[in-house]
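In what comes next, chain A is part of two complexes: it sits with chain B in the first one and with chain C in the second one.
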Partner chain A sequence: MEKYDKLEKVGEGTYGKVYKAQDKVTGQLVALKKTRLEMDEEGIPPTTLREISLLQMLSQSIYVVRLLGVEHVEKNGKRLLYLVFEYLDTDLKKYVDSYKKGPNSRPLPSRLIQSFLYQLCKGVAHCHSHGVLHRDLKPQNLLVDKDKGILKVADLGLGRAFTVPLKSYTHEIVTLWYRAPEVLLGSTHYSVGVDIWSVGCIFAEMVRRQPLFAGDSELQQLLHIFRFLGTPTEAKWPGVSSLRDWHDYPQWKPQSLSQALPNLDSEGVDLLSKMLEYCPSNRISAKEALDHPYFNGLDKSQF
Partner chain B sequence: MAETSMVSDDDTVPHFIYTFSSLLQRVADCNDALSVANCHRLPPPAAASAFSAVAKPEISIPCYLERIFHFARCSHSCFVVAYIYLNRFLRLHPTFCIDSLNVHRLLITAVLTAVKFMDDRYYNNAYFAKVGGISLTELNYLEVDFLFGLRFRLNVTPTVFESYRSILERESNIVSPRIPPRLNFLLGEEESSSSCKQMEIIV
Partner chain C sequence: MEFDFDLENPLAGVDHDTQQLSTALLLGSANPDEPLTLFAVESDHMSFLPGALDQFSARCNAHSLIVQVQFSNNLDPSLAYLAVNYVDRFLAKREIPREKTWIVRLLAISCLSLASKMKNIDLSPADLQSEEGFIFDSQTIWRMELLVLSTLEWRMRSITPFSFLRFFLSYLPLEIRLHIQALKAHASQILFKSQNEIKSIEFKPSVIAAAALLVAARELSPSHFLPFHSALLNCEYLNSETLTECCAAIDGYISTNCIEAASNGCDSGRSALTPVTVLDHCRAGLESGKTVGSASDGCDAKMCRTLMRRPT
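Moving on to the complex of A and B:
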């Protein structure tokens, strides 16, 4: 790690700090994610192990953050693992916040929302085509280069390969606000639809500059969704009433998406409704989303 | 082997587990014999030397793997994945040989790695160290060596998974195979390497 000058601490994770650093020779900016390995009983944290191996496979896409290297360091009897990433100056959460606060408060330009969503779908489609579910898509995990208008998927610590037969999946995935209804209802054999639901929530959040469904418990989260999209029925979502945590919920009628999101054009409303489709198998895929007419006005040659 | 047997919670040891251990047993036996015959054997590469025990462990490979199977309680797929990792490891370290001194440590580390990568719920390293009969400190070092040795290439595509699964399944149906199966079975995924010692010995 002598190769780099640590410039400042930019974040703190479960296992260690994240630094902005600079390559002493080339001047290249990098993010150093330090992982302490002193929690002996666990060995290498599984999130780190998955993040490294998944990123190594996915990093060739420019819509996924690039992992430049991994180093195991032993210093004063302490074992550390450093992950070296390309550096991006902010994340989508901070970026959206910058449009929300202060005297400059204004909506995000619709061209920018279109471009960010397109890049997000590209990144997610890339993960899915490699058999990887991200499972923790949220604005904090999407890195942004402000000046270039680039967005990249990051933080694959909760990612999982979904193509090999496995025991049931944990349903403690995805920050509550971006969690798909099938996961909230206790389904343990979910698939790519969970990521698309999160993408839909992030899309709406860019438009509204605030989260779409901000529940503070699993039940509250479900009720937020039901109140907005209507309580799901067997007709709309076959099998929903057989899910583990299904109960008889109050019956709400769906609200109009276009009224709730007046800033979004009709194509955008249509795409969002397809991402927030209740039945996971009917939800639009990331690849299909890329061909949606909402992106027609976008100059795709730049991607 | 039906796909369902890969996700079953059944305690019965599936036949492919025995196939897996008999494959390893034969490779280790061959390399042990070669090592005795060949005084000019190359020392193992640094990344791999950590796996060598000072003395041959008393527990047989089939018993050891069965023990891991019973106590790890992971998806059965993890054993297929562990088998794939061992093959990958050997391809990346062509001078390294599986023998009776290192096979146990390689096995427990490969299964631990597979479980951590594949399953959402699993036991920690401390538990695996007890199951494997080695110290926690040692397992932690072996884990790092194995991951770097594999260059963190842990992902397994469905095609590769199915190929290896079918090898273990096919061999399961042969009561006493005349030709010993190769551990480094050539598959599309990995480049072939003629310098691979295991290949030369047992083909």
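Moving on to the complex of A and C:
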């Protein structure tokens, strides 16, 4: 760790504090993340080994924040691992906020939304093709290089070592806003659809400059979703009423997506509706999304 | 989530929580981009040993120790295979001084330990060095594990010839498809046996995979060879000349094996992987090394034999 100068704390990641730091020799900026796991008598714990090596492999994609290295530290007899990631100057939450507040308040350019969504789908498709679900996609976990217009997926919640806790490190409640309905309803056999749902919520948030479903409890979150998309029925989502946490909810009719998102063109509305499909197996995949006509106007050769 | 490592699926995190996804990935062509990714990154997982014979004898000592542990613990050959892959890649990047044979032992043990963790197989430090007088403590093994990890840049999901078997089997002409399981099993045996061959690290993993399948096809039935060979040559990632060279290298290795097996009075399948034959091959490799201009004086082969510990 002597290799790096810690510059400032840039946030509280899912697993602990994240520092902006600088390589003393090369001057390269990095993000340092301490893992919560301590080394035990048997050396590096197997789960940690498998997860970090998977992260290493996933981060070969330019749409995933690059893992530059792993550093180990011995402090007060404790052994700790730090993950060293490439540093990007901002995240999508701060970026969207910059369009929301102040005298410069204006919608995000639609070209930019298109490009960010495309890069997000690329990153998610990459993870899914390697059998890895992100499970905690949200604007704070998407890092942005403002000048280059680049977006990368960060904070892959791989598993036990990096489990998404109910409360984050600072006891701040982990957001439910991007959580898929099947997870909220207690399904344990969820799959790639959970990430696509989150992508849909993030897509809508870029367009609206505010969260699509901002619930403060699991029930409130579900009610937000149902009020907007209509209460799901067995016809729309076979099996929904047998999910663990299913109850008889008020019956709402779906609202019109295009009216709720007047800034979004019809192709965009169509893609969003496919991402927010109730039945997980009918939800569009990340790979299919990349071929959706919404992206037709985008110069894909740059990606 | 566990993400156990599978030699045949290095790119897929086998996540028990998302069976649906994993099963889709494991069964066939759910991911058409996968071969592309494999071919693009396989070179990062290769190990070119520096010419120094010091490294050569270190390699053969580490290999024989790994095979020895494999035998005494009745381990899955794929675990030993992965450990040997780590050893080779480590030695390609770091030199071990000739006199420090204990480091070679420590390296072999640490690579076995890492491989067992990647494959989620329980193997304690005691299992790894039960037959040795001198036992490394867990602290030492732990430090060596970290050194191996940083040297290999935590790329522990090795891309090996096994990663390409499924891909090349898709080129199998329809009339041979019936034998696909037998062919894959036989090619796997060839891969396990030829890992100790020094020549095997000169070729890309994909080329070795294709060559092993071809040799296996020919051994199962000579008539399979030509149609499969011409089908494989349609693959844009393969070059006819390199493929022929690699087949010849595997052939050479197998025939040496057969002669030894015959002289040892046992079948080649069993004899191929004993620590004794590993060392014999090291010796053969060392001797052939001379012909390509390395400065062998025969001492290393002798050292190999001396250091060799036969399984009890």
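The criterion applied here is as follows: the second predicted complex is superposed on the first by the 257 of 303 C-alpha atoms of A that agree within 3 Å, B and C clash if a C-alpha of one lies under 4 Å from a C-alpha of the other, contacts with A are read in each partner's own complex, and residues count from 1 in each chain.
The rule we apply is simple: contacts are C-beta pairs under 8 Å (C-beta built on N, C-alpha and C of every residue); 3 or more make two chains touch, one makes a residue touch a chain.
Predicted model, so just to flag it, every value in this text is computed and none were measured.
Judged by the touch definition given at the top, the superposed model places A:K94 against neither chain B nor chain C.
Of the two partner chains placed by superposition, A:K146 touches none, neither chain B nor chain C.
Looking at the shared chain after the overlay, A:Q60 reaches chain C, while chain B stays out of its contact range.
Residue contacts after overlaying the shared chain place A:L133 against chain C, while chain B stays out of touching range. Touch criterion met: A:G69 reaches chain C, while chain B stays clear of it. In the superposition on chain A, A:S191 makes contact with chain C only, while chain B stays out of contact range.
Chain A residues in contact with chain B (one complex) as well as with chain C (other complex) are 41-44, 46, 49-50, 52-54, 56-57, 70, 72, 130-132, 160.
Contacts from chain A toward chain C in the complex involve residues 39, 41-47, 49-54, 56-57, 60, 67, 69-70, 72, 128-133, 158-160, 189-192. On the side of chain B, the complex with chain A involves touching residues 3-4, 6-7, 9, 74-75, 77, 81, 112-113, 116-122, 124-126, 136-137, 139-140, 143-144, 147-148, 151-158, 161.
In the complex of the two chains, the chain C residues touching chain A come out as 1-5, 10-15, 17-22, 25, 31, 33-34, 41, 113-114, 117-118, 120, 124-125, 138, 141-142, 145-146, 149-150, 153-157. Those residues of chain A whose C-beta lies close enough to touch chain B in the complex are 37, 40-44, 46, 49-50, 52-54, 56-57, 70, 72, 79, 130-132, 160-161, 163-170.
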